[in-house]
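Structure, as structure tokens:
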Amino acid sequence: MRSVKRIEIISDSIEFHKITAALKQAGIARYTVIRNVEGHGIRGTTTTDLDGMENDYVIAICTPTQLEQAIELIRPILNRFGGVCLISDALEIRSIQLEE
Amino acid sequence: MRSVKRIEIISDSIEFHKITAALKQAGIARYTVIRNVEGHGIRGTTTTDLDGMENDYVIAICTPTQLEQAIELIRPILNRFGGVCLISDALEIRSIQLEE
Amino acid sequence: MRSVKRIEIISDSIEFHKITAALKQAGIARYTVIRNVEGHGIRGTTTTDLDGMENDYVIAICTPTQLEQAIELIRPILNRFGGVCLISDALEIRSIQLEE
Amino acid sequence: MNASLILSNILNPPVLFFFLGMLAIFVRSDLEIPAPLPKLFSLYLLFAIGFKGGVELVKSGINQEVVLTILAAVLMACAVPLYTFFILRWKLDAYNAAAIAATYGSISAVTFITAGSFLQQLEIAFDGYMVAALALMESPAIIVGLVLVKLFTAPQKKHAAELGSEGTGVDDAEAFNWSEVLREAFLNSSVFLLVGSLLVGILTGEHGWETLKPFAQDLFYGVLTFFLLDMGLVAAKRIKDLRKTGIFLIAFAILIPMLNAAIGLGLAYLIGMSQGDALLFCVLCASASYIAVPAAMRLTVPEANPSLYVSAALAVTFPFNIILGIPLYLYGVNLLWY
Amino acid sequence: MNASLILSNILNPPVLFFFLGMLAIFVRSDLEIPAPLPKLFSLYLLFAIGFKGGVELVKSGINQEVVLTILAAVLMACAVPLYTFFILRWKLDAYNAAAIAATYGSISAVTFITAGSFLQQLEIAFDGYMVAALALMESPAIIVGLVLVKLFTAPQKKHAAELGSEGTGVDDAEAFNWSEVLREAFLNSSVFLLVGSLLVGILTGEHGWETLKPFAQDLFYGVLTFFLLDMGLVAAKRIKDLRKTGIFLIAFAILIPMLNAAIGLGLAYLIGMSQGDALLFCVLCASASYIAVPAAMRLTVPEANPSLYVSAALAVTFPFNIILGIPLYLYGVNLLWY
Amino acid sequence: MNASLILSNILNPPVLFFFLGMLAIFVRSDLEIPAPLPKLFSLYLLFAIGFKGGVELVKSGINQEVVLTILAAVLMACAVPLYTFFILRWKLDAYNAAAIAATYGSISAVTFITAGSFLQQLEIAFDGYMVAALALMESPAIIVGLVLVKLFTAPQKKHAAELGSEGTGVDDAEAFNWSEVLREAFLNSSVFLLVGSLLVGILTGEHGWETLKPFAQDLFYGVLTFFLLDMGLVAAKRIKDLRKTGIFLIAFAILIPMLNAAIGLGLAYLIGMSQGDALLFCVLCASASYIAVPAAMRLTVPEANPSLYVSAALAVTFPFNIILGIPLYLYGVNLLWY
């Protein structure tokens, strides 16, 4: 068990590639995505309807160092294109850690 | 960065409108919904099958004040119709905050 | 309101039955599942594509005692088949607790 | 003759695929029809029967037989929940009894459709306006069920239970929000799409039918086959809920459809329906709703246990009707009509 | 005559199902077509018109009329965003004006398809190469829109706004990543599938058509019906956004399509298109994109408000064209051509 | 002749749409067929070939040729993983070698279907019972693969690796839960639906076929087209995994199918199959499973790397067979048969 940081980003699916690129740049190559979540935000309602506005929900577990760097890269994307980014603490259970 | 409260509600999709109405009444107009999650709870198994029992998973980031009010409004709904509501702490990254 | 533990497990859908069996064995009969989440992990990319590699995201709220037992049972599954398990703290709102 | 009817019912692809779905669960295959595909099939089937029904209603026009059939349909939709409620009260509390009664007062469109394709196979004619009867039998039971709850449950009791809880109590007015109830009854998606398609069929008539026929007719049987495959999966998964349900509810879920079909048979005979229409009418009376009514009940009678009313309708009555009920009721029709 | 055209347009199943979808939202029914089913329908429709268009293009070959039509199409796709931009600037900032202008410069494939099935119903012929015009009109407006933003917004202003924020500023180069813009314009999924299917149709010709006809043609009308049902739901949900939008944008969303159609009509007349082709050309000019262009705008002009450009195109212009516009433009064609 | 066969294979819509899918990924278009639509297509295709195969099996009956064909099929399904295992061991560890070997011992239903529609286009007949051969070749390789792992990996080694980890060790019994393995092999959803549909086809025969034909036959080619579009997307996405895979596995994924097809060709010739059947048999031998076997391997040989066995089968062998393999094998059949 080790304590980790959890980053969660909910944003327009058009930002998806920018966000995962930012994560990768910060050394976070492992993440999970829930596609087509529905959102109600500043920029109106984002449903999974035909109008093509869809949100993706990205979850990544990382170390505090990776986190710092990721935030710096993700913040300007969200500022420009909208969305939400949350940081919280958690314990990770899986014992074999192949990468750091 | 600012510290926020995260409310998560997992409940039967028939409650969805009641719950978002409660959030709105508590001043929480922005939220995210993951539809059709599968559940195993007191009231049996809720799959995304044809039998029409589906859960929605609502996530809302809010301030502590909004939280208080939201809980008061959501609790009776869950007591009557079932479901789960969780509160946790997080840090929000997005820097332009248009509403409070 | 009571403070609870939240277990989150993201893993290949082939592990799903093993994981819910482990939860059940630890006394956790209530849980929520988000199916077909997309993942990027050690074992490559897991999309919701046709190649049949899909992840499930299981969320369970439990007591600290249940947690201990669940971890012991889930860890070997993840070690063998891959995936991620996170533990965090939360407050649960729903007031009628039929089971412990 | 009955056995040969049963055989000719079973030996057609949709029913065999229903078995295949059940088998998949029993042998623990990982076969599944992922959401929302079953919804696609169900939207399609409702659209197709509604639209075709509307087109045929224009052709037949509205005569005395149509009016009588529709009256009989509404009558049964109101009467069934009433008498089943009292049967159920014998073993169950008022909430669960009312919810189950409502379920059996309403109908299952897929059972109706399966009966229709059974008739087609046997080349027995039936009328398009039976779809109107189907549409009109969906909703009344929901209202009747709620009136029963209103009459036979003590509001203060519910209140007391809630006082024990931490939250603020829900006042009774909120608990019976009639506009919500009526919307659930008359505007739920099944009723809305079925009635809407019926109206479009009436408005566009033969001309609209021609353009939509390759879609609405040629795919019909195939979509029904896939849908019943999924129903087999769903019904079999629900079967384990029956253990909790007990023998009373299982017996109820087999005997009451037969009783309802018998009453329906009598009514159909009195009205002088054709054989095909009589079978469909019996099937409407005998079938139970496992989507629309359960959704309404979860919203309006949350005190009732969904695994009771859904499982009875889905895991017992639906398979019973699909496999044995339909040929049995036709046997009854044949006996009476000759 | 106009009224009878409107009636014969409205009284066919796809348009009636569009109404039904809107009605479902207004009466608060829970009818929905869950994701990704609408996407299935839209992929199918793009495939079917692209493929059929390609097959017919092989038959007709490329003659002067084809070339002129295509030139006219590209001309309109570039001109419309230019003049609408200046109309919009009257009340809106440059970002929103450019985004809306781009939306109206591009087209709506479903409006085109609905017009096509309206023509089929009236037995008025039209040419397969109109699909090529459709494909070529999707993208240019996106480029024009961005050039307008580049020209008419002050880059330093944007920068200042960002300095106020906590984050690091986005430099202008990143903001106008042209390769990203071009990819969004020419390789977005709608354009890609439409053009790809067109090419496959050209390559496989009559032979390929024979094998795919039962799929690409027989289901077409039915899928369109379901798709318009969903469009009705989506459009009606967007209507409440119009309150924020104000009367200016609503008027714009009705009058500009009529203006664009009129200009299109003139061009079609000059070129000497057939009546059927002229109607389709007017419809292309009059329609606005609510999927491809909005996606491109969210990516490239995030400063603009999606609820303005999506709602205008989807909740006003689309229903207007589907219900009144198509018969109106045909009326115009009929007036001019005789 | 070979080149013209390749051309006539490539120039039909399904194969062109496969290219289109790959192209979409290469040019980074955002075209996608969202889940679970590909699953719908795959369920449909399995249902349609199974059902049709069953109907035709009733017509042809079971004669010596059928029995010999089926024996040859099972033989190849067991032999291929054995000899490919030792070829693979040259460069890979036993876990990965066994998993890849199992993948190539099993089959790809879509490759079979594409070959079938290629034959139909060339008007070369083939027999319905080839579907039974297809069904019987899915599972054996899974069992053989696991036996190979059992025999050629040292259990203590695996244990040691686990002791290094924090968790409790998994004992060997759990690691080889045979009932789970057998269920994965014989009851996985592909095998179950295919065999189930075959049985329904046998039970309902010509009569069932008539009612389902518009669904099971008329849509077939179109659904295949969409499915191959998706396969193109999926295969192209996997291509970047090949960099990690290395040249050995890429060569393996092209040469082994040709070897397997050649052996299949010899067997088919010995048995005296018709040309059409011989091609299908070669294609079964040459194709590799990218759904059912990988799922079984992830569950039973988690030590193997999915990106090796999935990518080889999906990104190399599948496109190779679809584009070049099928016409090449037919060329071989033509050479031998005349």
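Letters A, B, C, D, E and F name the chains as they come in the text, with residue numbers starting at 1 for each one.
Everything that follows uses one rule, which is that contacts are C-beta pairs under 8 Å (C-beta built on N, C-alpha and C of every residue); 3 or more make two chains touch, one makes a residue touch a chain.
It should be emphasised that the depicted structure is a prediction, and the values quoted were computed from it without experimental measurement.
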Answer with same or different: of all residue numbers used at the interface between chain E and chain F, are over half used by both copies?
different
Centre-to-centre on C-alpha atoms, which chain is most distant from chain A?
D
So the centre of each chain is just the mean of its C-alpha atoms; given that, what is the distance between chain D and chain F in Å?
42
Would you mind pulling out the distance in Å between where the CA atoms of chain B average out and where those of chain F do?
45
Centroid from C-alpha atoms only, then distance chain B to chain E, rounded to Å. What do you get?
37
Would you kindly tell me how far, in whole Å, the mean C-alpha position of chain C lies from that of chain A?
20
Tell me, which residues of chain F touch at least two other chains?
34-36, 39-40, 165-167, 218-219
Provide the list of chain A residues touching at least two other chains, using ranges where the numbers run on.
34-36, 48, 75, 78-79, 88, 95-96
Inside the complex, what are the residues of chain E that reach chain F?
35-36, 39-40, 43-44, 47, 51, 183, 187-189, 192-193, 196, 200, 203-204, 207-208, 211-212, 214-216, 218-219
Report the residues of chain F in contact with chain C in the complex, numbered from low to high.
34-36, 38-39, 42, 162, 165-170, 175, 230-231, 233-234, 237-238, 241, 290-292, 294-295, 298-299, 302, 305-307, 310, 314
Residue ranges of chain C in contact with chain B within the complex
1, 4, 6, 20, 29-35, 59, 61, 88-96, 98-99
Spell out the part of chain B that touches chain D in their complex, as residue ranges.
12, 14, 36, 43-45, 47-53, 72, 75-76, 79-82
Under the definition above, what is the set of chain F residues touching chain E in their complex?
11-13, 16-17, 20, 23-24, 27-37, 40, 117, 121, 218-219, 221-223, 225-226
